[in-house]
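Everything below concerns the one structure shown next.
Chain lettering (A, B, C and D) follows the sequence in which the chains are written, and residue indices restart at 1 in each chain.
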Amino acid sequence: MHAVYPLVLGALLFAIGLYGVLARRNAIAVLMAIELLLNAVTLNLVSFSAILRDRYGMGQIFTLFIITIAAAETGLGLAIVLLVYRQRATADLGEQRALAEPVEPVTADELSPRNVEAEVAR
Amino acid sequence: MNLLALIASLLPALGAAVTAAGGRDLRHVKFWSTAPVGAALLLTLLVAIDHGSGGASVHTYSIGTAGAFHVEIGTRVTGLSAIIAVLVAGVAICVQVFSTTYLGGEPRYPSYAALISLFTAAMLTVVYSADLVVLLVGWEIMGACSYFLIGHYWEKPEARPASIKAFLMTKAGDVPFLFGIIALGVQAHSFQINAVLAATGQDRLHHPAWIAFLLLCGVLGKSAQFPLHSWLPDAMAGPTPISALIHAATMVAAGIYVVALLYPVFALCQAVLIVMAIIAAITMTGAALCAFAQTDIKKILAYSTVSQLAYMLGGLAVGGRSQAIYLLLVHGAFKALLFLAAGVVIHRVGSNELSAMGGLRYRMPVAYTTMTIGLLALAGIPPFSGFFGKEAVLGAAYNATGEFAAPGRIVLIFGLITAGLTAAYSLRLWLGVFHGPFPDAPHEHEATVEAPQPELIPLILLAVPAALLGIVVLFGSGFSNYLGGWYGEAGAAGADLWPGGLTTLLSLLFVLGFGGLVFLAWRRDEGADPARALLGPVRPALVNGFYFDRLIDAAVVRPTRAAARLVGFLDANVIDAYVRGSGTGARGLGTVLRRLQTGSVQFYLTCLFLGVVIMAAVYAYVGTVS
Amino acid sequence: MSHGYLSPTGLEIAFVLIGLVTLGSGLLVVTVKNLVHAALWLLVCMGSIAVEYLLLTAELLAWIQVLIYAGAIIVLFLFGLMLTRAPIGPTEELNVRHRWPALIVGLGAAGTLVTVIVQAYQHTWFDPRGAVPLGSGEALGTQLFKYWVLPFEVLSVLLLAALVGAIVLSRRGRDTEEAEA
Amino acid sequence: MSSLTWWLEVGLRIVVVFLGFMVIPLVVGQMEHKAMAHMQGRLGPMEAGGFHGWAQLVADGVKFAQKEAVVPAAADRRVFQAAPAVALIPYLLALIVIPIGPGTQVGVDLDLGLFFALAVMGIAVLGPLMAGWSSANKYSLLGALRSAAQLMAYELPMLLSAVSVAMAAGTLSLPGILGAWHWYWIPWQLVGGFVFFTAGLAELQRPPFDMPVADSEIIFGAYTEYTGLRFALFLLAEYAGIVVLCLLTTVLFLGGWHGPVADQQLGWLWTAIKTFALAFVVIWLRVSYPRLRADQLQKFAWTVLIPLALFQLALTGVVKVL
């Protein structure tokens, strides 16, 4: 088999997952897109395991590990999303702006020399 | 001998340390302020007697190499240094003893006494030092001590600026002085005084005139010569004993001493000598005139000191090294006496003003007697010591030949005039303080109000040399021989200190003439100030020291202030504009960047991955191309 | 054995067809407006990837993929969706307002990766059946417990941590209980 | 073996499995009707067709086929329609790898057969979930949630107990397991068998683990909105689940085609006997046990079955090493 087929499949799947992670607002949808990302990686691992005639099963075993970790990640991620949903009644990532920097305009007197001196004196 | 000299310089320092360490504890201050200085006096006397006319005795301790120079610290005892050291220690012990009662009750007496001791130690260091660097250290410690001592009464409004002025003006001279010393050391390849003098003798100095000028600046500052003289009258804001110490023996004497010490350097160039002579002439005449006009008796004495120092400088300018040192010596004696006596008077009267005094001769017999002796010496009345000192300088000026001839004329003419002026202001002071009516006389017929003994004893002790130091001239060239030659070597052909006939006659004529004028003016109205009548319209100018301070204010202070304002303006409006601009810019940028901080994780992630993709693409592209 | 783009083997045809299914369902996962449909398309995607594994002779992995993803993770997703009250019918606010940055990133990543891969592997062929046989449970298990025991055990610790974490996260805190009581 | 004959044989086997899949669940359904009727003294199922009510199942089929296939207006139509298939097909796939007799009497002798069977059975969970969500009915959704929680809880003990057998045999291939089987495995894997069977019942939402479809609480859970053939398909899936579960239990824990006599020749018979015996037990349990509450269900899974499964696993390991 031509090596490009599985590898390109993995790459495209990765790009799709990337798009999903960035474009989805619902936290669970983002988690799904992350699953796509992980699967793209595992697909590549399996492909390389075959292409490079991997004697120690590294690719496949890493895939095994990644699937396991993905399961744990999904469980934890969903637990977090449910917690967020329980507290804020929404799983919309766009609404989770608690860490946003509040923007207030810089006032003119804040920059005057007198004020600077006062700040220094303080 | 050198070891004794070293101990003599260190003892007052030890006393100062112990006194200062005691803090405000007054119990042992009197002992620790007087005993080490007294011991130092004994040691300096021993050194002076032991030295004889033995030339220069140098003993140094090597303490390693600093840069290109091998640093050796030690003492150098010559006739000059031995005799000046005796003067320093003698005046210092008198001042310390005097101070025990004069200032003994004050809470800040310990620090005062410690500073006096330190001052003495610094001056002894200058005198005994074997190399110029250590000399400079002592020189600067004196500057610092004078700053603190003049500002001793820092609660008085005139004392603070006076101390700052003294510090700044002497410092203005010290900077060129430092360069001069460095130039000397570099050209002689050593800072050892002996080596420097040897280099001078072998004509190894380049541009000696410049070096001499640089050194002269320091001397002018320390010895209060025109144009750096005005700090000395202002320094009267300090306690009176300090004035005695500064004026008689330490600070101002240091300048003259350094010129005498490095005399070969100065004598190498006639231009320097002429400048010295001109400065001396201006200073001596102007200061004498100012002294005549002053009403504050301490200021009279201060201007008198400036005038007399100019005499010494003039003596040095005409080649009369021995004569100048002799005058320094006798001046030290009688000026210390005068200041201490004036201190006694001021303390009793409670005012510095001449107008507040009068008719004190019966009430303060000891002060009267001793001050009379001092004033006679100052005025140059034979046979008191001042007469011989003055005549020695005038004689040297009269007899000057060769490159000294031209300075000699200048010094002679102005010296004679100044002699008369000196007699005039001395007489005015004497009459004003001790004769005539007491201004407002509630105590006119009271018994004596003498000062306590510790104040009187130094007066009497100082009166002896003030009256009798003229005896030195009986030894002919013995004093000069003791001082040694220019290079500090022994057995050089010494100058004769015996007064010359013509100059004596002329100076006595001047003295009698000016003195008579003053006396006649005083006789007309015993309560009035003779200066007022004699000087007329120029008096205010003289009282204010020829408005010299205003000149300095206009020439130096205002331009400096203007420059400072300009710099301040530039700092506040140009440099700070950049600083504030950067602050504003950072804030503005921060505001913009804060808008990026939306809290949306996906927005961050998008930016992150965008960057990653771009980097990966660029990397892949570069990897493909290469 | 000569290979070329234009003379695909049966295996390659099967792989590409299944791959198209994978990509299509993957695209649907990130684009459909119905969350539950997205989860179900994810199921299709995972299943087709499992088939791809089979084609690449990774048999055990394929069944694990089915077991874990289809049997557990998708169920978890659906469970989560139902708990967060995923509505029936399209959800309007499912995508971010401006999708073009994400699109640019996705297309950029796809372009870069595909370019690099094609350039690097355009002359590489391999035979999945001819490779070292690792797909069976016995072979993979042997490798796992021969060479990868330590990572395996570490992974068990990680799973334990995840378990504890999930429990802690899901527990209702004391304050919540009080607030509800 | 040439390629053509290989394909032919595979096709034949799949057809046979499919036929079995179509028929055996119906048999089990008929059996349930009769057994329940007898046990509970029900008269209705005894009427249809005359003799012993033999045509009851046919009547049921006719009834289901006649009914209108309603899709609720608010429902997600496609998911609603796909759900029965998702519930049914995994059991068909699982059936492929289960051997009914010695040698080649198996659909496909898969190297990872056990794994495959369990994996595809996991997918069947999705059926009720999809059905429940897409029905746009809150009872359905509740039922779906209950079934999802229940299925995930019982998946673990089921897998663990199955792994115990795989460990004992040293293979994941179902024929391989049977090949390694000895009679003493019955007492040895008894605990595992209990766990597997019980967990399987819970997976199938059979009584007493039928909380997700508790008609007294949430009508019929995820299947409330289903009518006609789609509902029949769900029922079929349930019976197919029973068949697969009983077959797997038979194969894993009861020796499959092994029997006291003539197991090489009559292996399929022994398998059938054991399977139907187990299916009878399933029916019997339905009739005799009350329903467990949700918390009891979860507690039973996590505090009884999983420890038991782990114990079985440890026991297997110890014996294996000894």
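Here is the rule we use: a residue touches a chain if its C-beta (ideal position, glycine included) is under 8 Å from a C-beta of that chain, and two chains touch if they have at least 3 such contacts.
Computed from a predicted model, the values in this text were never measured in an experiment.
The minimum number of touch steps linking chain A to chain B comes to 1.
Between the interfaces B-C and A-C, more contacting C-beta pairs are found at A-C. Distance between chain centres (mean CA atoms), chain B to chain C: 95 Å. Averaged C-alpha coordinates give centres for chain A and chain C that are 14 Å from one another. If you average the Cα atoms of chain A and of chain D, the two centres end up 39 Å apart. Inter-chain spacing, taken between the CA centroids of chain B and chain D, is 117 Å. Counting only residues that touch two or more partner chains, chain B has 602, 606, 609. Residue numbers of chain A whose C-beta contacts span two or more other chains: 18, 22, 24-25, 94. Looking at chain C, one finds that residues 60, 64, 72, 76, 79, 81, 83, 86, 96, 101-102, 105, 109 touch two or more other chains. Here chain A touches chain B in the complex through residues 18, 21-22, 24-25, 30, 93-94, 96-101, 103, 105-106, 110-111, 113, 116, going by the rule given at the top. Remark: chain D residues 74-76, 79, 111-112, 115-116, 118-123, 125-126, 129-130, 132-134, 136, 141, 144-145, 148-149, 151-152, 155, 171-172 touch chain C in the complex.
Of all the residues in chain B, the ones that touch chain C in their complex are 602, 606, 609-610, 613-614, 616-617, 620, 624. Across the complex, chain C meets chain D through its residues 34, 36-37, 40, 43, 59-60, 63-64, 66-67, 70-72, 74-76, 78-79, 81-83, 86, 88-89, 136-138. Taken in their complex, chain A has these residues touching chain C: 1-9, 11-20, 22-26, 28-29, 31-33, 35-36, 39, 42-43, 46-47, 49-51, 53-57, 60-61, 63-65, 67-76, 78-83, 85, 91-92, 94.
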